[in-house]
Amino acid sequence: MIKVGIVGGTGYTGVELLRLLAVHPKVEVTLITSRAEAGKCVTELFPTLRGHYDDLYFSEPESHALGACDLVFFATPHGVAQAMMKEVLAAGVRAIDLSADFRIRDIEVWEKWYGQQHGCPELVAQAVYGLPEIHREQIKDAQLVACPGCYPTSIQLGFYPLLANDLIDPRSLIASSASGVSGAGKQAKVDLLMAEMGESFKTYAAGGHRHLPEIEQGLRDMQTPDAAEPELTFVPHLLPMIRGIHSTLFARLIENVDLQALFEDFYANEPFVDVLPQGVLPETRSVKSSNICRLAVLEPQSRGTVVVASVIDNLTKGASGQGIQNMNIMFGFDETMGLAAPALLP
Amino acid sequence: MIKVGIVGGTGYTGVELLRLLAVHPKVEVTLITSRAEAGKCVTELFPTLRGHYDDLYFSEPESHALGACDLVFFATPHGVAQAMMKEVLAAGVRAIDLSADFRIRDIEVWEKWYGQQHGCPELVAQAVYGLPEIHREQIKDAQLVACPGCYPTSIQLGFYPLLANDLIDPRSLIASSASGVSGAGKQAKVDLLMAEMGESFKTYAAGGHRHLPEIEQGLRDMQTPDAAEPELTFVPHLLPMIRGIHSTLFARLIENVDLQALFEDFYANEPFVDVLPQGVLPETRSVKSSNICRLAVLEPQSRGTVVVASVIDNLTKGASGQGIQNMNIMFGFDETMGLAAPALLP
Amino acid sequence: MIKVGIVGGTGYTGVELLRLLAVHPKVEVTLITSRAEAGKCVTELFPTLRGHYDDLYFSEPESHALGACDLVFFATPHGVAQAMMKEVLAAGVRAIDLSADFRIRDIEVWEKWYGQQHGCPELVAQAVYGLPEIHREQIKDAQLVACPGCYPTSIQLGFYPLLANDLIDPRSLIASSASGVSGAGKQAKVDLLMAEMGESFKTYAAGGHRHLPEIEQGLRDMQTPDAAEPELTFVPHLLPMIRGIHSTLFARLIENVDLQALFEDFYANEPFVDVLPQGVLPETRSVKSSNICRLAVLEPQSRGTVVVASVIDNLTKGASGQGIQNMNIMFGFDETMGLAAPALLP
Amino acid sequence: MIKVGIVGGTGYTGVELLRLLAVHPKVEVTLITSRAEAGKCVTELFPTLRGHYDDLYFSEPESHALGACDLVFFATPHGVAQAMMKEVLAAGVRAIDLSADFRIRDIEVWEKWYGQQHGCPELVAQAVYGLPEIHREQIKDAQLVACPGCYPTSIQLGFYPLLANDLIDPRSLIASSASGVSGAGKQAKVDLLMAEMGESFKTYAAGGHRHLPEIEQGLRDMQTPDAAEPELTFVPHLLPMIRGIHSTLFARLIENVDLQALFEDFYANEPFVDVLPQGVLPETRSVKSSNICRLAVLEPQSRGTVVVASVIDNLTKGASGQGIQNMNIMFGFDETMGLAAPALLP
């Protein structure tokens, strides 16, 4: 049993961690922090957890308590992990940051897109980007894992077999993605009200979403050394539903291959990537509550444009589930431990 | 490990059984039948189950195969279990029927409400009504368990502490219930289309729903011997959402008690009934995907009318989860085995 | 053409007024106020109105501008109309208040339920309660109309034929109502997020909702002089949808009548109350965007409990549409003017 | 007043015609046909229309009755209008076909994509494609108008300014579109159930949707004579909501222009195309129930890929509203007559 702490556990990634860890056989959640809810029982804020965490109370984030953990998850808005990470790591604790604080290696790029100074640039280089399908080996020994964003996970896993094999023009990349509203977090904003979001669909941040530089950095990592820099046109949309991300990817093929066989082979040994049979297209509900990414690939009308459809649950494989997958790798547990339950249907 | 067969596994209660049994440590699903889908892999119909039942194929319902099971679930429309039950029980197999076939003890009443002749009246008397909170002892040794309906579960658990203690006028009972659309099953009907059901709310069957006689029989079983026959006005509604039932119950109090304490004490030892703290009202999402029933009780304006709010997931505690709870009791497993995961939120 | 001003037009009742008045042949909206949005064009806040109000800008609420109107609507939270009403009426302007400020005649009751001192008690007595089906004659000459709340409209219209004819026990009244989320207004609250409200159903304020005293006052007004005081148990619920209220009403019958004929006769001449044919139950979508209230009445199992199902669009007949109906009556226009378009389906 | 008949009025485009025509000042609906519902009052099938069409009954489609109309709408599945059109036109009646029967000029292409023989090839050449923004002049005198599909309308209006001005590479066109479920029609299919469609998002027909050849024919019509044939990769998706289509369009720019000014100028005089101000992105709800198409155009990161976001209500501008717009043009009415009401919000 390892002792796990959660910093900032009042949001949707926090409660998703709690849901999944409640039945993880190797984990005890010993600490959860929240300045706003300090003193309140976890089950008071989240009645779904009654019977599971009846003795767990939100506390102020104090360093000695964090230091007693084997692992700390940061389920916080960006900026928070930067401020606390040095102390946590110095105490010998390992950390998985679900926020954007340590995902981007170029500090200037981070500062430009997030509009603030980076609070801990000296640790960025040692952070491992926690997409296990690409960086599994480094994750094993990492002290600090920067867990990918939800859009980036769905998009990178879709382009990976194509870019790694130099099959598409890297300057032709398009991602038309759509997210359920839980992706926007638990913020008291008029724009996120059900009366505003329900029964409607729209693009947002089409001129430039913060996940763009993270995705392009990740795509670069997949390419062969001589490939041209990837250029992605990324248009996110908001769906009138709660959980799930669907990314529809487009690129110009520069070589003719059996795409279905390529994808199936490429991901044959990945426990959390499922290439659907030819002709089957993924729906977001097929991964609801699960850590799976399901993919389909096709070339409509054989006109040289490849289309990939990729679905994940934004809170699971897109955040907390992937965080636990990283934890399993870091602590030598079976990678699927605690993540084996099938998706909820209907 | 017990060998479990599922008859009629293509509907929503079927896939819910499969979802829950996939991670049950004592169960192997060895057989699943469907005339319509015979020969097809379970994961072809339900992509959510890819990786879990890749070798399980729908088969024709043949008796020798059923006879090799330790337990058979019927996840069928009413009428099917009646036709097959005699043979199944004769083979020494135990059975849990999720349909309405063996719930009502009075054959005439059953035939009136279901509009057809009962196909197996001789087995009705030996069927145990599978509401563990009331009939746990008989369930242990039952060969045939008739699992309660979804509305009946939510309503009976709400009225139970009041009727068992003779605290309300049994002729004043009202249940205003509301169900998500999965309760109507996976039927190709125009009325159930998203374009018809979405963004709307309505009563249906207000003049008489088939669950009424089942509920009234159950309420009768709770009463003290001299109490008057219960009379329930039951108005069901359809909600523009997928999972969940909410029952709002009303009755005239005939005695003044501490309702909160009564409910808390009454259900103190029940693993799947959760009485919420005073002032907290249940929401259906607080039990989504879980086998819990959450309850609140209050007397608005102290005017002598008690109100109980009761929520369950109609497919879990309202059907397949309760079926597995019954199975656990019948086979001597821990009653919560395979049913411990917290509800999905958000 | 009359000149209409709207105070507080940034919320849902405000934009509903604008939508309906855009095609009203006798009205010009000359003024709309909002402290928060002063200076902004109406179409910037509400792109749905582009092409209709391109020259209308939010302004600070100044008295001389309001004084130039023939009629002012208050589409404000409670408390605002109280502060401004004296000045508006003194300028000879007529007013329709969509808020709760002038609905309750007993000042003490108002102050108890709204938790603040009433800001203008001297005008309460002259306010006419704007439920045209009951108070049409007084509305004609009223200077100040207090438009009913959404729940109160749906509940009063359902009980009216029964109470006016002394057919039910006034101490047995129950209303189990359910509202779409737009009823909660356009407030930046976590509880109202789509990720919190979607796919869930719950009661709220079951111990006492502010609409209760308004409803009971209205029910009292319908009764015959010697009838006992009405006592209503009112349990509101929140629906995972945007528009619409459904009230399911229960009462003990004290006389046996043809309920269907009673309701049809009672409302035969009402343009905005539609009694559905026997056996047809209303759905909220059947009135979406329209000013109609649709009703069904039945006595399940002939056991002496009458059930009424009543639906309205909470923003139309439950607020702004009813406000315009009142305006039509006050200014001698055809009562249905501007309100004739059928409901939106699907 | 013209006499209008509707063939096949039981589906969603049928009831949308009835909703809009109910308040059209120049139209009387004198006939509505349905084999399945013949003899039934329109308001029995559609309670939303009670009070509007109380004397209109579905009838068998007989030619003499159709011959008494000035205009007949076909709101039927493909194949029906082909079978009846010759007789209708021969009677001197004008016709607007909302189905796909007369949209595609190349009979072979139609037969390939619709998988059946064309029933009336001799009339295809005289049919005018009813996209008023392109073919307004021909529509005026047309006897037969083939009303565009929903996806085609949203996509063509988005690409029109770009293709007409030779600004994009016609072989680089991508449309990632998403439709509410009403687009799939009122068919009793399991796939369209709320329990299947709710809370999920998916692509479908990504390998080839029937609207593709219609769109490409329309795009061809917009191009300058020497332009290369357009090639569109069209991926439609299904949204968990009822009404609305959103098309996100991508293309490679071949010339550098002020896109915002281009779009604003291009559509300056179109009553039903609204180019949003720079920086504002459209949401589908902004056109719910209205005949407007709202557009935004941008070039993310100035990398040479133009993005257009285009929204319509699939049942209004995408079907019945556009049909009425065509009718207005054909009969010399003001083009916006009966179509002026603002969109419904929220």
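Order of writing sets the chain letters: A, B, C and D. Residues in each chain are counted from 1.
To be clear about the criterion, contacts are C-beta pairs under 8 Å (C-beta built on N, C-alpha and C of every residue); 3 or more make two chains touch, one makes a residue touch a chain.
Being a predicted model, the structure only gives us computed values, none of them experimental.
Of the two chain pairs shown, A-C and C-D, the one joined by more C-beta contacts is C-D.
Remark: chain A and chain D have CA centroids separated by 39 Å (rounded to whole angstrom). A separation of 45 Å divides the Cα centre of chain A from that of chain C. Centre-to-centre separation of chain C and chain D, using mean CA positions: 36 Å.
Across the assembly, chain D contributes 12, 182, 195-196, 198-199, 240-243, 282-283, 285, 288, 346 as residues in contact with two or more other chains. With chains as nodes and touching pairs as edges, the resulting graph is complete, every pair of chains being joined.
Touching chain D in their complex are the following residues of chain A: 174, 176, 178, 180, 195-196, 198-204, 206-208, 212, 231, 233-235, 237, 239-244, 246, 248, 250, 279, 281-285, 288, 296, 298, 300-301, 303, 305, 307, 309, 311, 346. Residues 12, 180-182, 184, 186-190, 192-199, 240-242 of chain A are the ones that touch chain C when the two sit in their complex.
Per the touch definition, chain C reaches chain D in the complex via residues 12, 15, 18-19, 22-23, 46-52, 182, 198-199, 242-243, 274, 276, 280, 282-283, 285-290, 292, 294, 340-346.
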